[in-house]
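So, here's a batch of structures to check.
First chain A sits with chain B, and in the next complex the same chain sits with chain C.
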Partner chain A sequence: MYKLVPSICSYCGTGCGVLFEVLDHRILGTLPLKTHPVNEGRLCLKGWSLHEYVESDMRLTGPYLRINGRLHQVTWERAIGFAARRLTEIVDRYGPDSVGVLASAKISNEENYLLQKFARAVVGTNNVDHCARL
Partner chain B sequence: MAELKDLVRQWLESGRVDLFLGYKEVAGHPLPYAFSRDNLEEVAELMVSPARYSLEKLAANILKARPGLRIGLLARDCTRRAVNVLTIYNQVEPGQVELLDLSCCPSRPQVSCSALTPPEVGEVKRALGLDNRLTPEQFEAIPAPERLGRWLYEFQKCLKCYGCRDICPVCFCRECSLEHGELVEPRDLPPEVPMFHWVRAVHMAGRCIDCGLCEEACPVDIPLRLLYRLTNRIVRELFGYDTGLTLTRPPFSVLGVGPAEPREAAGGKGR
Partner chain C sequence: MTNSIAEIEDSACIFVIGSNTTACHPLVARRIFRAKEKGAALLVADPRRIQLSLFAHVAVQQRVGSDVALLNGLMHLILKNGWEDREYIAERTEGFEEVEELLADYPPDRVAAITGVAPQDLARMAELYATRKPAAILYTMGITQHTTGVDNVKAICNLAMLTGNVGFASAGVNPLRGQNNVQGACDMGGLPNVFPGYQAVNVPENNAKFSQAWGRPLSDKPGLTIMEMVKAMEEGRLKALYVVGENPKLSDPDMNHLRHAMKNLELLIVQDLFLSETAQGADVVFAAASTAEKEGTVTNTERRCLRFYQAIEPLGDCLPDWEIICRLATAMGYPMHYTGPEEIFREITRLTPSYAGMSYERLGLTGLQWPCPTPEHPGTPFLHRDRFTRGRGKFHPVSYLDPAELPDEEYPYFLTTGRMFAHYHTGTMTRVSPHLDREQPTGYVEIHPDDAARLGIAEGETVAVASPRGRLEAPARICRTVRPGNLFLPIHFGENPTNVLTSAEALDPLAKIPEFKVSKARLEKVQPS
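Entry: the complex of A and B
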């Protein structure tokens, strides 16, 4: 019914330990994990507000496609199909270096690995960058 | 410890409480853990954690969603003081929370729990700011003209993370002055010096129970505990009011329907 779930903050690459207050499968709040070696019980404003986006009504739960100037919720298949077709067209027309890939501190190492692999092996460009270089 | 576990098991089995908040090791960390009749066998893993979490705040959050529950807490002295304040301010009903006292913390006269992991005080902070370990008396030994400058040095480090408020066991207001655009200019960083911290300090008068969690949560080591100790010392000197020690309403409760009925002190018996 009620438990505290340790996790890692998903906002940046620092990796602060957080604790979610979970009551009846809903996250009530976020606390800093006091014994975590990275943040030692401290958090920034974003970490403290983690639960707000998880439970937010504004949160996107599926892909949207802009059709005739308006966003429509579509299936993953359609969204990925569209992105793949347009990327292929762009690469064919302007060459691989017309595409850049922005990786993220908010995803896992493995996902970042796949993203650069996609950029280099599939698209054929070395244009890979990351928000931590801002 | 065995005696403590027996008591918790007894409280749960007898229905004296529905939920007991203590600590248990999870994923290598001592974490607050909710023991209940459904997981009685886990009571064997109940532990006393050196890392302090505000169990009373967790309980108050649960009670907001489930007012019918009775919750037991592993209580340090600061927990007991916090529950008293929460009761005075109607955040917890008498009887909703039972305390199992833990004599882990010789906290009266109040010991500095942040002293368990004293923040390193470097040269610059010592020269320009305030050592977090200062007592109010030591603070007053600093020449008066120097004091404000030292506070300003501390306040200008503020990241406006709201951690001091969010971790505070006795911060529960639905509308917080610190988020009020008229009082605290949005987007400014650091938040208005020194007003942001003074606004909070004023609100801590007659409310702060000196647990020190705010200071432990502060990413930039602002000596918040000292600030609120100084604030509450004024309350003690002017009104003879000791925050959290009794269920007497603080001198600032001017709203409401006349004098409050005296209430039964926070339940539960000492070990």
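Entry: the complex of A and C
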């Protein structure tokens, strides 16, 4: 099955509209969105190549945990459980301001919102920043 | 941006300062070229002779870190010739007298001595900018990544207000945001001092509102910025760090310093698409799904909130970032359950006044620009119409200050850093992309032919660049893009990481942004072993 799925380019703050070409659940290409108010059907070199990183061999395919000094692929349950337990221990021992959270210019609004909510409501700290300065 | 991207093409004058627009924001550059075709004047000020300089009516190469002097020099000439907009200044601004007094100290000969810009070029720039309305200023990190970053921005705002160029279509002050959702990350409260919508954490009403919405009493003490977190790690005060979609080992200003500080952490959690330099040192790595594998919204540089849709299923065992955060929060005893990003977005709109009128249905394919306070509001293409958000636009007197480092006998070069057209930030995404990697597979250092000749350096030869922080090797690229005595390094390449050279000490006192754009450095031939 072939479909075109609207998305937004990840490669700068301009926010060009793109269409991902998808065939049988695999991503094949990137096309410019003609009706988009920002790019009006044009893209730059980075935009045309947007799909290429998605299915890269270099992508992580599951969570990892450091065991005896080495990273090993583990289940989500184990990775989340470990992180939650250690974070809770550190908050209990040193207080919430001993934890820092770095949000991201590469994740969505919804995810940034949840991440700062996590820092503020779950951990209890305002130590949340991101890389706007870098 | 105070304007929209599309408005740029109807500007009568475009002043680009500290932005390599064709390389870093090509689809914004397209609007600049369209404006020029329609008769606009194009002014470019950049320490490097960038592609856009070749198309400009006036292009100057100010010395790195001399922007305040350049901008004050332009304003000096505007006042001297009576090109300022007195009516606008009187009706819409305050604090002008103080700035007027200060500008008397920036005559062209002094400005030329600081910046290296010829007085006749300065005069032509001042005349074109002041007499062609509407005029738009575009800038990026060439302006902000300085110890005087905030001063630079204030000087830009002074220049725009002096000529009545804020608050109209196609006339304004336009920082082009570098990363895809850096605007959204700020809007959503990814900052230590504000909740979503820039509502300060230490204002009691805001704190009460969010404490109630989230069902927990919240801290009203502003948190640490990224640079302060590094210091806190070093001093052992920060014990755990949760990094999402960032690669600070390559993007932070002093790699060796950061690596050392991170050793003090008891827990490092990294959430990313790739095993980045930072993830390699983590205790736990959460594998995140890419944009193509989930839905959500991002907000671009013109404040336009845009939807993206899920194209394919998450790779392998990856999860969308929002789901990972929910699982972690739930495991820590704070149940976070959402049916999907749309439900999270509804919560955002309830708590964030500038997004209050938005919904997934309204955003559609073209999005909405904030402020969008009600469901009927059409969104806001440009800011400060009729009045400034704060009431009157405030002039801030800013004086030129030297950068934190100037070349000396041991380190005789100015080193500046930046980006190139084929790659994005620390290269984690673009360098695994075959077509982009082919454009530029390695790092390089730009050297002026005069300097290369003096040291006997050939094109492509490996050279060493050293600063008081460290040293790296990279192939030489001999070109006239840089001025003599200047070196340029792109930031995308982990094998020659610019942040072994840049300083974590030189920060803007207010914005805490590192001075990536100015370091002192030494250039050496590498003797074959």
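By definition in this document, the second predicted complex is superposed on the first by the 116 of 134 C-alpha atoms of A that agree within 3 Å, B and C clash if a C-alpha of one lies under 4 Å from a C-alpha of the other, contacts with A are read in each partner's own complex, and residues count from 1 in each chain.
The rule is short, and it goes like this: contacts are C-beta pairs under 8 Å (C-beta built on N, C-alpha and C of every residue); 3 or more make two chains touch, one makes a residue touch a chain.
On a predicted model such as this, the values are computed, not experimentally measured, just so you know.
Of the two partner chains placed by the overlay, only chain B lies in contact with A:Leu23; chain C stays clear of it. Once chain A of one complex is fitted onto chain A of the other, the partner contacts of A:Pro6 extend to both chain B and chain C.
Legend: residue contacts after superposition of the two complexes on their common chain; A:Leu33 is shown touching both chain B and chain C.
Of the two partner chains placed around the shared chain by superposition, chain B is the only one that A:Gly41 touches, whereas chain C remains out of contact. Once the two complexes are overlaid on the shared chain, A:Lys117 sits against chain C while remaining clear of chain B.
By the touch criterion defined above, A:Gly62 reaches chain C but does not reach chain B. Taking chain A as the reference chain, the count of touched residues is higher for C when chain B and chain C are set side by side.
Common to the chain B-facing and chain C-facing surfaces of chain A are residues 6, 17, 33, 35-36, 42-45, 47-48. The touching residues of chain A, counted against chain C in their complex, run 5-17, 20, 22, 25-27, 33, 35-39, 42-49, 51-66, 71, 76, 79-84, 86-88, 90, 94, 96-122, 124-134.
Of all residues in chain B, those touching chain A in their complex are 19, 26-27, 29-34, 36, 51-53, 58, 61-62, 65-66, 117, 159-163, 166-167, 216-219. Only residues 1-4, 6, 17, 19, 21, 23-24, 28-29, 31-36, 40-45, 47-48 of chain A touch chain B when the two sit together in their complex.
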